[in-house]
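Paired with chain B in one complex and with chain C in the other, chain A is shared by the two complexes that follow.
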Partner chain A sequence: MTAIPLRPPRRLVDLTLDGEPVRAPEGSTLLDACRAAGKDVPTLCQGDTLTPKNACRVCVVEVEGSRTLAPACSRRVEPGMEVRTDTERARHSRKVVLELLASSTDLSTTPGAAEWIEEYGAEPDRFGAEAARVAEEPKVDNDLYVRDYSKCVLCYKCVDACGEQWQNTFAIAVAGRGFDARISTEHDAPLTDSACVYCGNCVEVCPTGALSFKTEFDMRAAGTWDESAQTETTTVCAYCGVGCNLTLHVQDNEIVKVTSPHDNPVTHGNLCIKGRFGYQHVQNHAQNQD
Partner chain B sequence: MARNRQRDRQQKQYPRLTHPLVRDPVSGELRPASWDEALSRAAAGFRAVTAAHGPDAFGMFSCSRATNEMNYVAQKFARVVMGTNNVDSCNRTCHAPSVAGLSAVFGSGGGTSSYGEVEDTDLIVMWGSNARFAHPIFFHHVLKGIRNGARMYAVDPRRTSTAEWAESWLGLNVGTDIPLAHAVGREIIHAGLANHAFIERATSGFEEYAAHVEPWTPSVAEKVTGVPADAIRDLAHAYATAERAQLCWTLGITEHHNGTDNVRALINLALLTGHVGRYGSGLQPLRGQNNVQGGGDMGAIPNRLPGFQDILDPPVRSKFERAWDVVIQPRYGLNLTEMFEAMEAGELRAVYCIGENPAQSEADTEQAIRRLTSLEHLVVQDIFLTRTAELADVVLPATAAWCETDGTTTNSERRVQRVRKAVEPPGEAREDIDILCELARRLGHDWEFADAEEVWNELRAVSPDHFGMTYERLEKHQGIQWPCPSTDRLEPTYLHGRLWESDPARRGARAPFGPVKHDPPVDLTDDAYPIRLTTGRRLDSYNTGVQSGGFASPLRRGEYIELCPEDADRYRVEAEEWVRVTSRRGSVVAPVWIDPGLRPGLAFMTMHFPDEVDTNSLTIEANCPIAGTAEFKASAIRIEKLPVTAVRS
Partner chain C sequence: MDLRFGDSKPTDEERAAVDALLGPPASAWEGADDRTDTDLRWARGGREARERRDLLLPGLHALNDRVGWISEGGLAYLCRRLTVPPAEGYGVATFYAMFAVKPRPATVVHVCTDLACAARGSARVCTKIERDLGPAGSAGSGAVWQPSPCLGLCERAPAALVIRAGEAPRTAVVAPATAEAVADAATAPHEAAAEPQAAAAAPQARTPAAQPAQAGTSAALPAPTPAPRPSRASGQASGQASGQASGQASGQTANAVARTGSSAPGSALAAPEAGRDGLVLLRRVGVVDPGSLDDYRAHGGYAALRRAFALGPAGVIREVTEAGLVGRGGAAFPTGRKWAATAQQPDHPHYLVCNADESEPGTFKDRVLMEGDPYALVEAMTIAGYATGAHRGYLYLRGEYPRALRRLRTAIDRARARGLLGEDVMGQGFAFDIEIRRGAGAYICGEETAIFNSIEGRRGEPRSKPPFPVEKGLFGKPTAVNNVETLVNVLPILIEGAQGYARTGTSASTGTKLFCVSGTVARPGVYELPFGATLRELLELAGPPKTLRAVLLGGAAGAFVRPDELDVPLTFEGTRAAGATLGSGVVLVLDDSVELPRVLLRIAEFFRDESCGQCVPCRVGTVRQEEALHRIKDLTGDAAAGDIALLREVGRAMRDASICGLGQTAWNAVESAIDRLGAFK
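Moving on, here comes the complex of A and B:
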C-alpha cells in the first residue's frame, strides 16, 4: 500500500536573478531563490520557522517594474520576474538601513552585522551617540535567560514565536508607539511575574542577542565566551517521549547553551523549559556544589 | 497570588556519581572502590544467587532513559548471560497498558499516528492528558492543528491548561473513563454514526460490544462520570462525524488498576468510527520517557524479544537462539510489578537495576523499599546516587545516555533518532554498554561491540521492523519511523493501513472490540478518606526530580497539595498553609495550593519532590492485572490542619 499523502505538487517558476535565468518552486520567496542560487542577501528579521514580518528591511532587492524596493524575505517568486539583488539602489538602501539600525541599537552580538556594515560602507556613527533608541541595563530577573533591549531591532520574531505561531503563551508583545515601541511583558513586569514558561523559543529566534541565555550572558561578561572553542552536537532530549532534537553547544566539556535544529520535523526549532534548560544535572559535580 | 514562589523551598540536589561504590561488609556503608573490585562483586553476587536458586532468581530493570542499543544489550544480558526473561523497565509504571491494549487489538503496541498528522486532522480528543504541560512540543503540533481548524475535546478530571484550548472540557470523575467511553460509543451507534463498512470488514465482536454498551445511556453515564449527557452526545457526534480524528491519551488512562481496560475502551471508539489506519486518523498514547517506546521495542520486556517479537512463537525463539547461540526460556518472564512481588515471596533474590529509581517511583514506596532491602544482591547502575542506589550492594557510575554516549532512541511517534556524545563523562563513569559487556565477560560471555552502531546492526539483523534503519539513513532522514523493513523505501507515517485493504489476505487479522467492564478505583473514598487524590506532572519538573531538580527553574515552587477553592473553604485551610495529607498507606505534610481547575472532592499532587514530600507513600499499589501498572491516579485521602506548633516556617 502506497498511501503516503503528498502535499500539493509545486510547480517551478522561471525568473531571472541578476540577469541569470533561475527556477524556483512556486510559493517560495525571493530570499529562498537567492539562497538557492548562492547569493548572499543580508537579513536580520527573517526567520526560517516564522512567517516573514519584513520588519528590518535589510534584505531589499529591486524587482523590475516595481516602484519600490521589495523585501526579499516576504516577496514570493512570480513567473517572469526580473530581480536584481546588488544594484546601486539596493546597496544604498541597505547601507542606510544598517546605519539606522546600528546607530540606534547595539549590534555587537548580531551575527553578520559587522561584515555587512563593512561591505556596504555603512557609517552608523554619523547620527551621533544620542541616536541610541534604548539605553538601559540588561534585565536579569531569572536564572535562565536575559533580556537586553539595547540590542533589540524590533523584528517581532520573539513575539511571533511566543504568540500564535508557536508557543501560544503570549507572554511578550510590543508596547508603545513609534520611537517608544519596545518588546515588553504585560505591564512591563519581571519575567517571573509574567506568563512566561521559559521555553526559550524567543531566544532561539532572536537575531541580535537581545535575548540570550544566562550562561552566555555571564560568560560574555567574564570574557570566557568563545564560540570558536565550542562544538555543536545534535542529540535527543532526555525528558518526555516526544523526542525533541537538541543541539548542545559545548565549551570546555560544559554544555553552555541548547538550541534546536529548525528543520527538524519533531520540534521545528522549539523546545520546552526542560529541553532547553534542563541539562544542568549532567554537569552537577560534587566539587561544584555548595 | 504570587505566580512563582521563589525557590525558598530547596529541592535535593544530586551530584554525579564519579566512582564505583561497594557496600563494606564490616561497616555496612557504601565506600569507593575500583572498577575491578566493583565489577567482581557485582558478578559474584549474580553468580551466587543464580547458582543457588536458578536463573529466575535474577531480575533486570532496564532503562527507558537509555539508548535502544543499551536496552538491546541489557535484555540480551538477562536472557543470554543470566538465562531468564525477567527483564522490564519503567514502562510498567506508565504506558504498559497502552502497549498491552494496542497490541491485543492490532498486534503492535506503538501509537498509530505521527505528530504531523495532528496538524492535518479535524478533531483531537485529549483524554486523560495534560499535554500542554507533560508533552509541550507535541502540543505545538496540536496547536498547529487547532490553528488549521481542528477542534479539540479535553477529557480530564482537572480543567488543565490543555483544556483551556479545547472546544469542550469533559470533567469526569476519576476512574470513570470506561462508562464515559461506553456512553460515547452507545451514542454513536444509536445516532447511526457507526462506520459499518469498516466494522464489518476489519473488526470483530461488534454485536457483543453494542449489547455491552447498551445500558450506558448518556444520562446513566452522567450520573457515574459527572459529565453532562449533552456533552457526552456532543463528543460522540463530533468524533464520529469528523473526517479525520486523533484520539490521544496519557497516564490519566493508564495509571489505574484497570488501565488496559481503559485503553481498550478508547480503542473501541476508533474501531466504531474507522478512525484508525488512515492519514490523520489514529490513536496516540503519548509516551512519558524519552525511550520508553524503544526499551520495549528492543525486547527489554518480559514477553517480547527485540522487534516486539513474541517469545512464545517457536520460529521467533529459534531465530534468536541461533543468533545468540543460547537456549531461550520458552515462557514469559516476570514484569516489574511481578518482580517486586517475587521479592516479597523470596523468589527473586538478585536485581540489576540500570537507571531506574523504583524506590521512589513505585506506588506505595515504603513497601517498595522494604522489598528492595530484602534482596540478597542489588546492583544499581546510574548517574546519581538515587534513593534506590543507596540500597545497593554495588553502585556502578554510568554515563548520561543522551549526551555522553552514541546510539538511538525511539519517540512516541515510533521515530528512531540518533543520540550523540557531546561531552565526556565525569570521573570514572563508563558507558552502560561497556559496563554490561564487562559484567558479561566476568560471567563467561565475551561480547565485543566496537561501538553502538555495531549493536544496532546486530539488532537490525534480528528485527525486521528495524532492518531498514541504518545509521546512515537515520542521519539522512532525521530519524525514521518503524516499521522500516527495507533499506530502500519508507513506510507510511501511520500504522494499520492494512485494515482498509479490500483484499482479505492483505487486510490480515481483524481488530477485536474489547467489551470491558466499568470497575471503580480500588481505594474508595469514605468518611475517613473523603478526598480523591490524583497525580500528574508539572511543566518544569520531571518524575522523581533527580534530573529536573538539577536546574534553576523560575517556575518551580516545590510540592503542594492542590485543592479547589470550595474545598479549601470547607476544610478551613488557606493557600501556603501546611497540612497533613493521609491515605490508607501513609502520610505526608505539604502546603496548600489553590487551583480553580480542580473540582470539589478532587486534589492533585506530583511525584517530583519525593525527598521533600513523598507523594508515592500515599498512592496504592493496586495493579492492572494485564499490564501491571499501579493506580497512581486514584487514591483516597484526608486533609488535616496541623496544630499551630507543628506549622513549618
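Moving on, here comes the complex of A and C:
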C-alpha cells in the first residue's frame, strides 16, 4: 500500500498561458502550470525533489508587465497573470543561454541538451575556438563516484541535496566567484578528507552527468556504457527496516547503478551509502573473490 | 547537521583573533582544547550556535586582519566556533576579493585600475610598482600588490590602498598615487601621509582655513567606548580604531590645513561659483568636526530625530512620501513606499539595512558623506528605524573604506554613550542600535538582496524576487534597505517639511543630488546640485576638458553621453528620456586622449570579475562580452560587425534573463558606446 499524503485543499488561480485561460493551484509554479497544460519548457537546475535555485535560466518565460523574463521553475502563479512561453524574446534568451552553456561546459552527457540546442537553433561554436571553457580534470578520489566539473553547469542541486534540503552533510558548497566558481569541498580537499558520507544523493540529482557513479564513468571510458541495453528493476533495500525502494539498473546481468524513484514517499529519490553502493554482494562472482 | 572539521589546528594568533571576536569557547564542542566530563555528556550548540552564523564574515575579517590570509586551521576553528560547515565557510571566504586562502605577505597593496584611475594614469603607476614589487599577486619584499576595482577615491585618482595585517592592522590610502609613495606606504603604512579631509573631495564645501576645535578634539580621541555586547564589538574595534585614530586624525588636520592653504585653488571656491551657498546634504561636510557629537549638534544635528518623534512613525513616512524622495542607489524607488510597506508587515522583528557598499566604479559620494558627516547617517538611520519599526540597523560598509569605518565607529559609540542609540533613544522609549558590517571586496554585495546573504554569513549571491525585501529580507524578516545618500536626505525633509524639501528640484525628482565627477576635469569631486541642473552646468563647475569625447553617466552600469548632449537635465526622468540613467550619480568625464575600446574592455573586465557566478547569462555572458571586446579592440567597421552582433545578442539575453541588476546592466555602457558614440565605427 502506498501512503498518499493529504495536503490541505488549494484554491485555483486563473491565469493566461499563451493566450489560453488556465487554472492552476495557488502556490504552484509557472512550470507546473505549463506542464499541466501540456507545454514543456526546458529545465536544468529544476529538479522534482528540490527547491529550484533558478540559476540556469533556460526555463525563462515572458510575464506581462515584468521588465525582465521570469524563471518558470520558481515564479509562482498569480491571479490574472499573462504568461507567454514561446515568444521570440524568451526563445532568444534560451538560445543564448544554451550557447553560453554549451560553449563553456561539456554537455555531452546532459539529457535533452542536444535536442534543445537543435530546437532553439543555438550555435555554441560562434564564440570561437578561444572561448573560455570550464577546464577541469575529472576528480577520481574514491571508489564510488567521480566528479567531472568540466560538465558542471553550477545548478546548485548537488549542494542542496548534500546540505539542508536532504542529507544535512554539507560536504560540498560553491566556492570562488563568477566564471571561476566551482563546487568544492573545503580547500578543495579530496572527498575522502571531507564530510562526504557517500550517499550518492548528489549524483542522483545531477542534471549533466558531472557527477557519475564510478561504474558508469569507467564503462563510459571503456565505451561499454549502453543505456539502451539496460533494464531497470525496482525492489526494496534489504539492509535496514526503513524500506527504501531501489531501482537497479542492470546491463549484461551486472548492476551498473542504483537509483531510487523520486516519487517514493520514503526516499524521495534519496538513499544511503548501503542502498546506493552496497550491491556488490549480489554479484559476488567467483572471479571477484580473490 | 553532521559537521567534520578535519585535523588542521589554528595558530595561537588565529585563535586569539577569533576569540577576540566571539569570546573564549564555551566547551570542547566549540573548539576548546580541554575536553571536560560535562562535554562528553552534554553537547551544547544546536540552534543557538547556528544562529550566530552571521558572525562568519566578521570572523573571516578577524583572521584576515591578523595574519593577512585565512588558513585551513584558522577557518576550521572559526567554523567550529560558529557551527558552520567548513565547505560553506570556504565557499564564503573565497567569494570575497579581499580575502586569500593561500599564504601571502601581511601587507597587501590594492592599486585601483578602474575607469577614473585609468583616465589619470594608473597604468603608469602599475608598471612602476611591478618593477618595485614584482608582478601582481607575487610576494616580493614582504608585500604583495594586486590590481583592484574602483576604490572610491576617484577625486584623487590614481589611488592605492595599503592594508597591513597584524595585531593592530594598519591601512594607508595613497592618492594620488605614485609608485614611490605606494612603495613607501607598503613598507611603513603607519607613516604614510594622512588623507586630505573629506571636504576636499567636495569642492563646493567651505573648508575653513584653520579648525582649532577639530585639532583639539581629534587629537584627544579616546579609544571607542565598549559596546554593550563585548563579544561582538571588541573584536571588530580592536587594534584598528584605537591604534590609528589618534595618530592619523592629528595628521589629517595638519594636512587639511596645508591643502586648503596651498594646493587646491578651486576647491573652496566652487560653491560661490554656483551662486548659492545652500548646500543641503554636504552642508556640514568640512564644516563640522566629524569626531564631535557636540559639534554636530551645534550644526543642527538631531533636530530631525526630535521632529520625527513629534510626528510619530506614520507621520515620518507621510513626510518622506510627500517629499517625493526616491532611492539614490540607482534604482530610484520611492523611499516612502518602501518604508510604509516595511512598517505594515505583521511579521517581526523588522530590520533596517543601510547600503554603504558603494562600489559602482566612479562613485564616492557616500564615502564623502560618511567621512565628513558621520553622525548625519547615524541620525538618519535612527529615523528610518523608527519609521519602519526596526530596532536594529545594519550598516553594511564597503571593506575598502577604512577611514569611514573609523569615523562611523566613533560616531556610533558616542551616540550610544549619549543615549542617542540604545535601549531608550532620547528618552522616547524607542530602542534602536546600529551594527557596522564590513564588506570584503565584492561589488555584488551592494545588490539589495545579496547584502542580506552577505550579512547572514552566506555567499553574497542575490536572491530572486519576489519575495521582496520588505516582505522577506534580512534573516527572512521584513527589511528596509536604503542607500547612504537616500537616508541622509531624510534629515532635510524632516527639518524643512515635505513641501519645503520638494520646492527644490523638479516635480518628479525632488531635492538635491550628489554627483561624483571624475576623470579628466580640473576639479574632480562630489558636487551637490538641485535636480534639474544640466550636465553642462555640472561640468562647468568641475572644469571640463578642452576636447570632450564622452561622459559616462551612472557608472559601469550606466550609459555614455555625447558632447552634443550636455543639455540633458540631470533628473531621473530627464536622463531616462535621453536613454541614459543617473544611476548612483557617476559623472566620468573622458577627453579625446582616451581610447574608447580600452575603456569598454575595462568595464567588461569589471563585470566579469564581479559576477557572482550564480546564473548562466551573467556568469558566462560577461566572459563572452569581454572576449568579444578584446577581439575587436583594434578593429572598426565591417571587421568588428560580427562581434558587435554577437555582443548585442549576448547583451540582450543578459538583460532579459539574469537574476539581478549586475547581469541586467552589464551590457548597458558597451551598448551605449556602440550606439551613441559610434565606437568601432
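Throughout what follows, the second predicted complex is superposed on the first by the 279 of 290 C-alpha atoms of A that agree within 3 Å, B and C clash if a C-alpha of one lies under 4 Å from a C-alpha of the other, contacts with A are read in each partner's own complex, and residues count from 1 in each chain.
Note that contacts are C-beta pairs under 8 Å (C-beta built on N, C-alpha and C of every residue); 3 or more make two chains touch, one makes a residue touch a chain.
Everything numeric here is computed off the predicted structure, so don't read it as measured data.
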item: Which of chain B and chain C A:168 touches, first, second, both or neither; value: both
item: Partner chain in contact with A:55 - chain B first, chain C second, else both or neither; value: second
item: Partner chain(s) touched by A:128 [first = chain B, second = chain C, both, neither]; value: second
item: Touching partner for A:197 - first (chain B), second (chain C), both, neither; value: both
item: First (chain B), second (chain C), both or neither touched by A:140; value: neither
item: First, second, both or neither for A:278, with chain B first and chain C second; value: first
item: Contacts of A:244 with chain B and chain C, given as first, second, both or neither; value: first
item: Partner chain(s) touched by A:97 [first = chain B, second = chain C, both, neither]; value: second
item: First (chain B), second (chain C), both or neither touched by A:36; value: neither
item: Where chain A meets both chain C and chain B, residue numbers; value: 168, 193, 197
item: Residue ranges of chain A touching chain B (in the complex, touch as defined); value: 1, 3-5, 142-144, 164, 166-168, 191-193, 196-199, 231, 233-245, 248, 250, 253-255, 261, 263-268, 270-275, 277-286, 288-289
item: Of chain B, residues touching chain A in the complex; value: 2-4, 6, 13-16, 18, 65, 115-116, 134-138, 140, 143, 147, 165, 279, 286-293, 383-384, 400-404, 409-413, 415, 417-424, 426, 478-479, 490, 492-493, 497-498, 501, 506, 539-540, 542, 546-555
item: Contacting residues of chain C [partner chain A, same complex]; value: 1-4, 6, 72, 75-76, 85-91, 94-95, 97, 101, 442, 459, 464, 466, 608-617, 619-624, 627-628, 631, 646, 649-650, 652-653, 655-659, 664
item: Chain C-facing residues of chain A, complex; value: 53-58, 60, 68-69, 71, 74, 76, 89, 92-93, 95-97, 100-101, 103-104, 126-128, 130-132, 153-154, 163, 168-181, 184-187, 189, 193-195, 197
